[in-house]
Amino acid sequence: MTDLLPFVADLPLVDHHCHGVVTRDVPRADFEAMLTEADAPSPLGTSLFDSLIGLAVRARCAPVLDLPKHASAEAYLQRRAELGAAEVARRFLRGTGTTDFLLDGGFLPDALTTTPEFAGLAGARAHDVVRLEQVAEAVIGGSTAAGFAAAFAGELEKRAATAVGLKSIAAYRAGLELAGERPSPSEVEAAAGRWLAAGGTRLADEVLHRHLVFTGLDLGLPVQFHVGYGDADVDLHRCDPLLLTGLLRATRERGVPILLLHNYPFHRNAAYLAQVFEHVFVDAGLITHNAGFRRRPCWPSFLEIAPFGKVLFSTDAFGLAELYHLGTALFRQGLSDFLRAALDADALSEVDAVRMCALVGHENAQRIYRLEHV
Amino acid sequence: MTDLLPFVADLPLVDHHCHGVVTRDVPRADFEAMLTEADAPSPLGTSLFDSLIGLAVRARCAPVLDLPKHASAEAYLQRRAELGAAEVARRFLRGTGTTDFLLDGGFLPDALTTTPEFAGLAGARAHDVVRLEQVAEAVIGGSTAAGFAAAFAGELEKRAATAVGLKSIAAYRAGLELAGERPSPSEVEAAAGRWLAAGGTRLADEVLHRHLVFTGLDLGLPVQFHVGYGDADVDLHRCDPLLLTGLLRATRERGVPILLLHNYPFHRNAAYLAQVFEHVFVDAGLITHNAGFRRRPCWPSFLEIAPFGKVLFSTDAFGLAELYHLGTALFRQGLSDFLRAALDADALSEVDAVRMCALVGHENAQRIYRLEHV
Amino acid sequence: MTDLLPFVADLPLVDHHCHGVVTRDVPRADFEAMLTEADAPSPLGTSLFDSLIGLAVRARCAPVLDLPKHASAEAYLQRRAELGAAEVARRFLRGTGTTDFLLDGGFLPDALTTTPEFAGLAGARAHDVVRLEQVAEAVIGGSTAAGFAAAFAGELEKRAATAVGLKSIAAYRAGLELAGERPSPSEVEAAAGRWLAAGGTRLADEVLHRHLVFTGLDLGLPVQFHVGYGDADVDLHRCDPLLLTGLLRATRERGVPILLLHNYPFHRNAAYLAQVFEHVFVDAGLITHNAGFRRRPCWPSFLEIAPFGKVLFSTDAFGLAELYHLGTALFRQGLSDFLRAALDADALSEVDAVRMCALVGHENAQRIYRLEHV
């Protein structure tokens, strides 16, 4: 990382979408399972360390644990166990240069740090993002079809009181083809009735996901959407952000930000939405660390059409402390390479380069999530 | 631009798809609104000058107006106002090295130069491309359902007499999923009846868009299609050029060229169609200037599979004289960089490089639009 | 090719998907028709030699036939005729460094070498891949609706006895949206009845394509799918590999490899499937030679998320001996460039680079197709 532009190396970051870290030690199989979106190494393939992210762990993370670059996977995991999960987390998180982490605590919360624990490990501020579906799934059991909307709104308002944003995982459940209008109360009641009749467990209903989003927007809090790349539960062809066009058109007058997360491999489609809809913002989390040293495609593709004021930084790191480190370091590397090439071509001035970095690195997130008011 | 290959710097260009320029002076908000496909700067974002195209205006356009590179947006707009819209237009248009501009006059014609005015400002030839939907919308009011087909054909033939091509904006209205056969007269009559019953204003009917295209092809004039990227009115997921496959299959025996415009972010899909359908041609207008110094992705991606004989140059510039300049200068830069890398690798000879430039720069357009006969 | 990393230049290759070569001499029109996926040069375009692959033939193939680099198309074809198809085939095939060719003999078999002829020309091992639809089309004529499933299974088992894999061309016929469950015997019988009633010639029925795949998987042999880019018969928007998500989810427990071929321009979608489904593998055949010196996009895009253990090499060469040479040489070039950049950045060690090459070049294919047991 000695070749970073100084103002990129020192750029304070707001990681506007990530998750907690695991606090227990992880054996190799679990480590590989958390490294990518695969559930586990394939019996027909080879180790998941044989991947760009695996190589990146060995190249960029090993030195943080006092090992030589390119240490073997075995040596790496042994040293990791030796140091213990807490020390590993501290080293990686504190080296990121991140001032604020926005944590989605809605997935496997029992296995991960709480928000205060995370802040302690990282030596930084940590904020909550509330997963809409988790709230709905918490209230449906004690509710009726007719009472669901009020019960959800009440519980969401309570949980959101100390949060900086909300998140929809409609992409994982019903896909992103959400209709371009708020569902009526009777539609919501009917859908809640169907859900209750089906057992009221895992929410997967287009009407209800949509209702959750509109209810969230009522609170004026930014709403994040999982978009694109995820694990094998995703039907990726139903996760193209363009499927949200109708809903974005219907919500653009509200002045509430909508954030399209990850977006891979639909990042150009997402960038289009960020250009033409005033309330849409994008990031390139998740792919940044997965793609390892193949780090260049996402940032420049976004910037082809998305203005700098509409692009945010995130890692989408989950579980493994290495992923915060890699997501951050590879983001800095990509941003630096991109700007260095532009500066070399005299395509922008250094003053502008510094300003663009501040926007993407933290200013856009501070403005959108009103972090100065927290 | 000192690093351009000489035969690229001097390449005469035919801009086979663009629009007129605004003749009035434009305040900052209007300038930003015309800079990208966003309607206006976002109250949640930052200035649209904070974008690759904004940086490109300050880097590449400022010197044309006697300012230093990277002049501020304020200084730039002040100098622009000082010179006046006509002088600004003359400077930018005359510096493009374009011999022929093909103008689609169908969008906001009252705010823009006419074709002769444009030719005068540019000191070049300017030709008309007739927008099919505009003709249909002009005749439907005085027509009946049964009389629409004949009225449209008559008016189109009249307007096309002095035009070099036609254009469909089905993408903006009904999407590109047009069926693979000519609609029957009774289908056209029924659709015209529905349109009249709905008020006969803005055309948005799959049957009628398709009918317009077939009627246009009857005249033997090349038909352009808006494809992909556009403003917030577009449902971009309905603008993938692959949706035209059936229609392209149904029209390939006619020997009339069909031109897929812009194509971003579907340029690889468009290039596939240009390879396998003999009458299909492609360009990368619009994104070329939007992407600013991120100029490389489009040309090389096209050329992965589209032969050089099927790729044309356009800017799709609209309104701001800067966009003709940027679209042209960034095209030359991208073409030069692409060919220089290939020449350095001895992947083609300079003789071939010169010939390929001539094809893409002007020969393909001259052949397709029969410009030597105009 | 002097700039290849030594361990890439010497890497033994398994070409896990290609076809036979034509044994007759080919006049120019036929040569052009076989060069790309276009049926023929377009009367509206220019020669198909005016393309990246045409330039690659003149740059990289001419010297193999004792001509200077960049020899004209005329000189090239004259020399080719002079040497004769057999000598041309020997020169190109023997220079590839390929130890094993897996031949799909299902398309235009009468015009091409047989598998033993191919092995003789290439001086290498050649193995059969059986096209599922060809077997079905061979048995349907002598079968009944009720008897089709058994007749197909019997004939497939017989033909597969000496094969190393199977192949589905559902993409070309019904598209890739195959349902996520095995069709029932009665569904198969009904579909076979419909097919017989329609004449029993060209198979194009979602139920039957799906039935063929499941019957193939029963044999435990790897099943290849044509995905993406092909000739004008393809409806490319129905060939996105993501449409196979349901079928992949339904077959992941079987432990039988599924190989997504070509994948252009959907290679990122395919790479996603290879990451999250344990039995899915990918390659970038066909585009590698089509894209000529524009050789970099495919490999790195795959590796963004597909682990090295899930990526295979193929050419998808068909007919022209040049295509084996180009597919192989351009693959080596792209792999070498990719790894050299990574080695220069110290992003991986040379030991690892060598190992990754072995996986992609031959080990994955040897493991998947069990070539050591043949």
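A, B and C are the chain letters, set down in written order, and residue numbers restart from 1 in every chain.
The rule we apply is simple: a contact is a pair of C-beta atoms (placed from the backbone, for glycine too) under 8 Å apart; a residue touches a chain by one contact, two chains touch by 3 or more.
Remember, it's a predicted structure, so these values are computed and weren't measured experimentally.
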item: Same-residue or different-residue interface between chain A and chain B, half as cut-off; value: different
item: Turn needed to bring chain B onto chain C - CA fit, degrees, nearest 5; value: 120
item: CA centroid of chain A to CA centroid of chain B, Å; value: 37
item: Per-residue overlap in chain C, given as positions that touch at least 2 other chains; value: none
item: Chain B-touching residues of chain C, taken from the complex the two chains share; value: 36-40, 42-48, 50-52, 54-56, 58-59, 69-70, 229, 231-232, 235-237, 264-265, 287, 290-294, 297
item: Chain C partner contacts - residues on chain B that touch it in the complex; value: 240, 242-243, 245-246, 249, 252, 255, 257, 268-269, 272, 275-279, 281, 300-301, 303-310, 342, 345-349, 352, 355-356, 359, 364, 367-368
